[in-house]
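Multiple structures follow.
Two complexes come next, and they have one chain in common, subunit A, joined by subunit B in the first and subunit C in the second.
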Partner chain A sequence: MNRVDVCWSCRGGVVAGEGFCPTCRVIQPPDPRRDHFHYFGLNPGFDLDLGVLDTVYRQRQQQFHPDLFVSRGATERRYSMEHVTRLNEGYRTLKDPLTRGEYLLKVTGFREQTPENATPSDPAFLLEIMEWRETLEEVDLKGKNAAMQLQQLRDRMMETCDAEVVTLGKGFHDWFVGGKREGLAVAAQHTDRLRYFTRFLDELDRKSELFF
Partner chain B sequence: MSVLLDIAEPGQSLRPHEVRPEDRKRVVGIDLGTTFSLVAAVDVQGKPACIPDDEGRVALPSVVCYPQDGRILVGDRAIAASEQYPTDTIVSVKRTMGRSLDDVVASEHRTGFGLEAGEGGMVRIVTSHHRVSPVEVSAHILKVLASRAEEALGGSLDGVVITVPAYFDDAQRQATKDAGRLAGLEVLRLVNEPTAAALAYGLDQGREGLYAIYDLGGGTFDISILRLTQGVFQVLSTGGDSALGGDDFDHLLCEYILKEIDEADPSPAVLQICKAAARQAKEMLSRVDVCEVRVALPHGEPFGIRVTRELFEEMIDDLVRATGTPCRRAMKDAGIRGHDLQGVVLVGGSTRVPMVRQYVKELFGREPLSDLDPDQVVALGAALQAQQLSGTARGDMLLLDVTPLSLGIETMGELVEKIIARNAPIPTARSQDFTTFKDGQTAMAIHVLQGERELVSDCRSLARFELRGIPPMTAGAARIRVTFQVDADGLLTVSAQEQTTGVQQSVAVKPSYGLGDAEIERMLREAMVHGEADWRQRLLHEAKVEAERVLSAAGAALREDGDLLDENELKRVKGLMLALWEASQKEDHEGINRARETLDRETVFFAERRMDRSVRKVMTGRKVDEFQ
Partner chain C sequence: MAYNDKVLEHYEKPRNVGSMDKNDLHVGTGMVGAPACGDVMKLQIRVNDAGVIDDAKFKTFGCGSAIASSSLVTEWIKGKTIDQALSIKNKDIAEELALPPVKIHCSVLAEDAIRSAVDDYRKKQKGGVNASGS
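Coming up: the complex of A and B.
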């Protein structure tokens, strides 16, 4: 059921989380209890239409952006800032498959914190990562094919990442659509793999910048 | 009675939907450039135009001359005086804004004036007879532009938008805003130069899609990738070099000329002459393949120096290619490739150099657009944004900008832990938890840094502060939440708070690399702008805005739920509203606030009744749903 808040300005009733008071039309603070999906009006899940995300993002910006509140009072300006900060955070989180996956694992209560270990605990995966690293180390950065070799390695890694995204997406789908809790364990495992691969890509990109 | 209803009607007497001519605010956009600056305003038809001086010139050279007699000459007058006062003439001050002496010396060219380290290591400019901060010099330029605009628009300015290079860091932005304050201006917003340029282009031509803005000015280089969709200008990524520009081309040519005339250790006067000759040669070489410049020194025969375009291009080749790295990085950050772009827009006078155009064409694989004057386009866009912010614009356009550089704090091992990544849309706020590493530790040093590198020594230090009063606990038990907040101007505020105990300790820090607040206040007093009267004006304005909101809210409440009040109550509420309206017509902010508080307090019972009604409505709504 929708909760009712009081408009801070005219003290009329406002459905919690509504952006503007229906009576006096003044901006309301964002509802901290809404998660990013709810805030964007999207169904929680891994598969989302990025075009819709973009459109909602733009529309909300056009409602709440601080530029539109420059000549208003201090409270209204603060709420506008809070909305847009919230909006930017949600957009950033949902847009990228890795952060979206990590966020979903929190929202579903599967795990509170994203693990921060520098090396994976699964020995087989550790070996896999080390092989990638070795290939990267073996690129002779002074050699004349270095830029091309890095690009090829990057393309291969991107394919690997794409495959991870598909697998973790299936895991989330199993939970959200099929109601199977073990889907989340699969999703978590592959989200972790994606995180290590993303770190590897960052390292690779830092090396590639030498050839920019 | 009718008066009461009138004042209570939102959107009519108090908040007009239609912009009446008398509501038009005097707002302008200012492009505060390295070599010259411009001011622009939007006319009644909604078209932006640069405001010329008495002699019809729109570009004001960013040159300030401080002769010993105490005059302050700005622009062409400063240039005219520069040969007489070479050591008192400041050029390219933008290169020193918000920077430390070390930064500037590392990249600086020969100048007629001296530089020294001032408060906090920041640059101070030393003339033959006094010291002046870059912020003050910029303020003098801004004042001249502001008075030009005031004359043209017929009254004092209500606000300005000042542009900054997208790649300016926090200290450089802060310094720019401080210069605006010091010039007595209400800075509505700092806007990134490429974004402003895109604004001018987008509105003129109704374009949509992905665009790259390549902005090579006198002293800075910026690249931004934007997406234009239905009036929304979304910056996807930005990059650049805040110390690379046409000045560097001049510098190389100047060194060449000095060598040709055999001057190893030129006097400030000779240096001025050679710099002018270098600039002249550069401009000619954009049109012809070979040129000859005359260098007339104070003593002796004038020299004629021949420069070919080929030689010039050889000189600047490395500099031009240096713009490629930020471009490729920006495209990668935006997740796009050259062929995804609908167009590349050229901004900044240095994009007139044919070699630069050729390089941009190679880099992005397409012919760049340059249909608007690259010197004016930033100021025009800033004027449009100023108009938008004043709430009187007609169009629906919105700028969504990003922070150019990552922000973080120092952690163990002199490493930087990033809290906000570069190219994050602003405004933004992010927190990260840290903990104590010693038993009984009661204070924690927080060092705020900006930059992409991993080592503290490779990033820019923005601020240091200490969080004190952490209750003594075993190591690792305290939870200190550090929050970074970047506002719509791209300016950072940092706060830290201990979480585990009920004790909420928090320190807010504004990086003060530009100038300390105390120093600004002192200069404001000296300059006798603002002061007591302006402060009161501000309080009054805020009180009026609040009163207007409360009256509009009360009016809406009465229309919606007026039936909840009996006749006496209604009369009383309306009486209080009238009292507030009357107070808001006077110039006493305390009186307005008192009347507003009384209305607030005396209508609590009304609010409670309305709340009950709303709750009942929602309950009823649910029952209907359930029955369906």
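Coming up: the complex of A and C.
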């Protein structure tokens, strides 16, 4: 639901979180109660049209760009900065499937943050990630095939990540479209798996830097 | 953030890195992970007939504190009975390594790894009896 607020400049009515006052056209502060989806005018969910996200991001970057407000008062300059900060944070969060998944688990109230420790509810998975790590560790970085081996390992991992993204997307879909709360548990589990795989990719990329 | 000297010491010269045969009935394998940071830790113990841990190995993929915690734990549990090993608490590990609050979870991970390895060992010992009966 949109909240009605009062323009700080002309005291006319504005919809909270809309960028500009419809009466005096002066910039308004971002509404901290809007989540990133609402801020970008997107329906909350895992399946996003990334093209739309990009377009809205660019449009608003232009609208709120601090350069446009250099000759304005301190309040307007501050609101411009607040919008740009908000835009960047939202864009970063929504663009990447892992952070988007984490964020959705938070806004749906499923969990506030990722548990730091978890008993191995899924030892087979831990074994799997251990095997990935060991395979990476065993790549002889001084060998003549090292760059190729790392690339092959990366390709395989990317495929694995893609499959995780599909599965966690289904979980979120079950909740947002099907109304099934258990979809969120599936989504959480696969978001965690994707995080393990992403950390693996970080490590792989650190090793690959030696070749560039 | 700078690591404490003891953490660095274990990180640069980790003790007891490696693997044991996980199918050996005397070997218990513990696997734990930290979903928030993506660290994984494997801890293996070999228990002799007297119920004493006569060898321990670990493999940890993660930050310096996680590696140091598991390295320290392998040193501590060698020569101990299973129950003595289980009495090691994350607080002891965190204190010994002077871990800062943001790294406490690494010591919790190491404590969980001991428990997980012991569970696996005990399950195997029981399973060995069951296997002959069924």
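Convention: the second predicted complex is superposed on the first by the 205 of 212 C-alpha atoms of A that agree within 3 Å, B and C clash if a C-alpha of one lies under 4 Å from a C-alpha of the other, contacts with A are read in each partner's own complex, and residues count from 1 in each chain.
Keep this in mind: contacts are C-beta pairs under 8 Å (C-beta built on N, C-alpha and C of every residue); 3 or more make two chains touch, one makes a residue touch a chain.
All values derive from a computational prediction rather than experimental measurement.
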Touched partner set for A:Val166, first subunit B, second subunit C, both or neither: neither
Touched partner set for A:Val177, first subunit B, second subunit C, both or neither: neither
Contacts of A:Tyr91 with subunit B and subunit C, given as first, second, both or neither: first
Partner chain(s) touched by A:Pro123 [first = subunit B, second = subunit C, both, neither]: second
Which superposed partner A:Glu203 touches (first subunit B, second subunit C, both, neither): second
Touched partner set for A:Ala16, first subunit B, second subunit C, both or neither: neither
Residues of subunit A touched, compared between subunit B and subunit C (which is higher): B
First (subunit B), second (subunit C), both or neither touched by A:Met158: neither
Partner chain(s) touched by A:Met148 [first = subunit B, second = subunit C, both, neither]: neither
Intersection of subunit A interface sets (partners subunit B, subunit C): none
For the subunit A and subunit C complex, residues of the former touching the latter: 113-120, 123, 126-127, 129-130, 133-134, 137, 192, 195-196, 198-200, 203
Residue ranges of subunit C touching subunit A (in the complex, touch as defined): 31-40, 42, 59, 61, 105, 108-109, 112, 116
Residues on subunit B engaged by subunit A in the complex (per definition of touch): 10, 188-189, 229-230, 232, 234, 324-325, 328-329, 332, 388-391, 396, 398-400, 424-430, 485, 487-488, 542, 545-546, 549-550, 552-554, 556-557, 560-561, 603, 606-607, 610-611, 613-615, 617-618, 622
Subunit A to subunit B touching residues, read off their complex: 1-2, 4, 6-7, 9-15, 23-26, 58, 61-62, 65-68, 70-74, 76, 81, 84-85, 88-89, 91-92, 205, 209, 212
